[in-house]
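Next come two complexes, and both contain subunit A; in the first it sits with subunit B, in the second with subunit C.
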Partner chain A sequence: MQKIKPFDHLILILGTLFLCVPVLMALMSSTHTAVDIHSNGLFITPGSNGYATYEKVLTHRGGFTGDVTGLLMLKNSLIMGFGFAIGKIVLSMMAAYALVYFRFRFATVLFWMIFATLLLPLEVRIMPSYQVMSQLHLLNSYTGLIVPLLASATGTFFFRQFFKSVPDELLEAARIDGAGPWKFFIDVLVPLSKTMMAAIFIIMFIYGWNQYLWPLLMTTDESFYTLMRGIKSILQVWVGSQIPDYNEAFALAVLAMVPPVAVVVIFQRMFIKGLTESDK
Partner chain B sequence: MAELTLNAVGKTYSGGVKAVSGVDIQISDGEFIVLVGPSGCGKSTLLRMVAGLETVTDGEIHIGSRLVNQLDPAERDIAMVFQNYALYPHMTVRDNMAYGLKNRRTPKAEIETRVAEAARMLELGQYLDRKPRALSGGQRQRVAMGRAIVRQPAAFLFDEPLSNLDAKLRVSMRMEIRKLQQRLGTTSLYVTHDQLEAMTLADRLVVLNGGRVEQIGAPLEVYRKPASTFVAAFIGSPAMSLLDATVEGGRLMLEGHVLAEVDHKAGPVTLGLRAEDLRLVARGGVPMRVEYIEELGAHRVVHGMVGDQSLAVVDQGAEAPGDLIHIAADPARLHLFDAATGQRIDVRSRVGEFAR
Partner chain C sequence: MTDTPLSAQGPTAPSFLHRLRDWWSGETANPVKRVQFGHGLTPWLFVLPQLAVVVIFFYWPSAQAVTSSFYIEDPFGFGSTFVGMENYADALGSKEYLSTAWFTAFFCVVVTALALGIGLLLAVKADKVIRGAESYKTLLISVYAIAPPVAGLIGMMFFDMHMGPFTRLFAFFGHELRVGVDYWDTTIALITISVWKQIPYNFIFFLSGLQSVPVSVREAALIDARSGWRRFKDVTLPLLAPTAFFLLIINITYTMFDTFPIIDVIVKDKPANNPMTLVYKVYLDGFKGNDIGGSSAQSVILMVVVAALTVLQFRFLERRVHYG
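Moving on to the complex of A and B:
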């Protein structure tokens, strides 16, 4: 048996604490009142105000219009997250399918052009994108929020590499079995890509969930508020003697963590299962 | 079921490389044809052209009475078995076999019966609901064959289907394939680089070299009368020894010793000798220095040098490396090839053995 090395464990324990304590603090602090937090700092013990805070955060109508509840923001964030993840998977799979399996001119050049866009962050093209959306009258809509960011070089790259690793004989067998391009894609490639899809889903869901700048620009209507903007707006009310509702911000942050964590947990299982069981 | 006709079939890649050229083969209904040759001889390309996976740049391929040059693989009414099986990893054995039929909108009940029938034939009944990864190599290969059988195609195409199996399994699968093909009577085209596999399976062999047909014939015919030095060296194990010899005044001379009398003009020839056609004689004959011995149990193969040319002899004796032995050949079993072109020279050896 391997000897237990106390020093190694110490490092591991420190690392774990480093990552977990802030999360725990956020969770615990959210159960105290704002005044309490303001005067005593952060807590790592549970308080008594938890239920009230979360209820208020989820159902209290806030904002200028007085319509924005935590639930609404949660819904919007989920729409963003799922819209991004699903849209990006569908789009990049189809793009990669075309790049790998169809012989057309400049396919490689096209691929590298797509790949090169990885170098450009969203911020570089944010103004032109905004203008296009505005001229299409898609401001303040889910379509406008999601569609412009759907093209994914990362996803296309991953799926392309994956498709390239699928043996050609599978395609040939399918052709002999009478499966056309569409049937081969749906019946063979999509089921084979399950692991890949799970991995991309995790990445893209969190990418969509964490969007802040783009929704800020695209939507002026408060009914499109996402959780990320909600947290920010709670902390923005520092006017005069008013204390920001720290507890609510923490509660929102905790709520904002739940869906991504759930997605990771659920898909990770699929991901690992696929990795260990698949053989092509 | 149908006959298969290849008419001056050729394949030139866009770079100008000729992979296959001028292949003429007539395959009658129910025949088992094996394409054999070393790697890179174009045998797989030829098969894939018949399957429709490669375009045909020259000539015509007919399956039955249809010209199939321009048809999709699916429309050619063929089924193919791949070297790496190419089973759909996410589908059960049943779905793997049924997939081709489903795509052709075969009625459900019909699919059921055909799959059940194929599973029974291949003894796969208990594995129908398993995924390919839960099967052994031999079982996977059987599933791949099942997938071909259920389609009831005009022709089976096999692309080195046994190469991924271990030696023992290969022998038994070879037998199974042969029995199955005879039972079903489906025209088959089978590609292999293994000459033993080719000999044992084929009704007729097609020996390919450099994209051209060297010889077409029944296994024994090819074995006994190889059309060229290439075929001679490729078919048979141990390989036929090819030696430089000369004909002088109607006598076949090997390293200065007379081996037989032949009716051929004087000059250099290439002499082909099969190890089992040679035997030891007490004196006379051609002296050979023993180099090493392959002990095979039933017999032994003695490798040695005649002059500076190597030769193999099958023997039961007890010679050891370093011994000098004398060998003689049955003149009827000598093979002569043109020294320049390597083509077979058909000559009658006039009299019996010389080295008596």
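Moving on to the complex of A and C:
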């Protein structure tokens, strides 16, 4: 159609290098020793210390109390990612169903109440949110980590748009067949939304997994640390140390980025569809 | 939201009171579905979980932010004193707050411009090439999933004073880069990392916007405008304008809020002579400085700014749906 110049490829290659080389170097450097990195800089080739570093990060890393390991943080991050994604899908599908398929008092008021949450991200109300959480005794708990993050209507907005595009004839047919609201929801809408649920699951899993500020505030007990929280503490240990544990920090970074990156690459098509059609 | 004097309302627009009555009874001028289930408890059961979460974790803290912004809390926890607008006056009057606000604005402009520009450039090129298009796409997108704190950590290594490649690069050109110590050096690091993290997002949206341009339009453009630049300027760019505007707002909110972890990793609670954004200041004053009233007042100021931005985005989104 159009003539392709080598220049286009050059720009793309430069862009790809700019984005991907830092990730590659983090990965490669994590397999070298800290002393090696300290004296020679970052590496683009694999080293021989990889097994030892990852073994240490996954099982030995102590923290202040001595019982937090990389594996534990990995588990907490997974709980965070899955818990958030599943919670989001369940809550927002139900709410969107009520708002689209029912005619009831206050429906519009509720609609605005729920969608007003899109106005303000969590970051602008961290201090009062923290106070509320401590009044509810939810600090250092999985509930406290996950549930407050669900108070945003992104998913509801998405499912509302999707339900609106579902043909009206389906509901008419279901009603003629005598299906009630529950039956219609479980037997028609849920199976129909499978692709959408998968797409939103991917986006929300990444969002939950990548949370930083909230876990930072909510967890002082190290057994609830996620990998993101671990990054903060590994940097705090650095202050004053002779040669910082560059390799361990890189290993932690790799552990923290592999699952979400893998999800995006494997489910690329679905992920892009979900992202661009939901408009966040 | 639609009742502002800016919007040209038709003569048939219902009066405010009329609309309020409709709200009350749950009627809307154009219901979402022709057929709907009737009244009863069922819809409440469906909407209740979300409603509970929203009320407890959104409205309660937001209300508390507004209330405590009018009080000065005793540092030892013995009650609080009502001070009216004093916290706001303190915040807006302080030199530190204003310089943080200026930095935030500057940071937003630079990061947004660079991230959008590079994202658009890469999307245009990726849309053009045929050979290797999928590989480029996958590689460029993969960085999207990396969390901001991880990006901050990797970036920190690249700007490390002992062994960071960027530090060495700058040293080669005779500039000693001291990230975390020097104000502008830290700014350079923050901008680089924030832009790096946001490019994939913009790339995905621009590319999907480009690929939705019909082939017939492209071919017509190819005949009408020989020069690639003119074709881009007169045909592609106007068609991408809705996407670009949407992304503009998203990028501004990203730079204001989602860069928090990057700043936290690079600046590490050491605000001394380091740049920071307004959100980071809210966090520092509230959690490190224990100034709850001041922090809340800053929260409320931010809320107003963000709410305005989001309303702008919604109004626009509505329009986009019409033309879409």
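Assume the second predicted complex is superposed on the first by the 248 of 280 C-alpha atoms of A that agree within 3 Å, B and C clash if a C-alpha of one lies under 4 Å from a C-alpha of the other, contacts with A are read in each partner's own complex, and residues count from 1 in each chain.
The working rule: a residue touches a chain if its C-beta (ideal position, glycine included) is under 8 Å from a C-beta of that chain, and two chains touch if they have at least 3 such contacts.
These numbers come from a predicted model, not from an experiment.
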item: Fit-or-clash call for subunit B and subunit C when the two complexes are aligned on subunit A; value: fit
item: Residues of subunit A touched, compared between subunit B and subunit C (which is higher); value: C
item: Touched partner set for A:68, first subunit B, second subunit C, both or neither; value: neither
item: Partner chain in contact with A:11 - subunit B first, subunit C second, else both or neither; value: second
item: Which of subunit B and subunit C A:176 touches, first, second, both or neither; value: first
item: Partner chain(s) touched by A:26 [first = subunit B, second = subunit C, both, neither]; value: second
item: Partner chain in contact with A:200 - subunit B first, subunit C second, else both or neither; value: neither
item: Partner chain in contact with A:145 - subunit B first, subunit C second, else both or neither; value: neither
item: Partner chain(s) touched by A:57 [first = subunit B, second = subunit C, both, neither]; value: neither
item: Subunit B versus subunit C as contact partner of A:156, first or second or both or neither; value: second
item: CA minimum distance (subunit B, subunit C), superposed complexes, angstrom; value: 7
item: Common interface positions of subunit A, toward subunit B and toward subunit C; value: 172, 175, 279-280
item: Subunit B partner contacts - residues on subunit A that touch it in the complex; value: 167, 169-170, 172-179, 183, 187-188, 191-192, 194, 277-280
item: Complex contact set, residues of subunit C against subunit A; value: 22-28, 31-40, 42-44, 46-47, 49-51, 53-54, 56-62, 64-65, 68, 118, 121-122, 125-126, 128-132, 136-150, 153-158, 162-165, 168, 196, 199-200, 204-205, 208, 218-219, 222, 228, 246, 250, 253, 257, 260-261, 264-265, 268, 279, 282-283, 286-287, 292, 295-296, 299, 302-303, 306-307, 310-311, 314, 317
item: Touch list for subunit B against partner subunit A, complex; value: 51-53, 72-74, 78-80, 82-84, 86-90, 99-100, 103-104, 133, 147
item: Of subunit A, residues touching subunit C in the complex; value: 1-2, 4, 8-9, 11-12, 15-16, 18-20, 22-23, 25-26, 29, 37-42, 90-92, 94-95, 97-110, 113-114, 117-121, 123-132, 136, 147-148, 150-153, 156, 163-164, 168, 171-172, 175, 181-182, 185, 206, 209-210, 212-213, 216-217, 228, 231-232, 235-236, 239, 246, 249-250, 252-253, 256-257, 260-261, 263-265, 268, 272, 275-276, 279-280
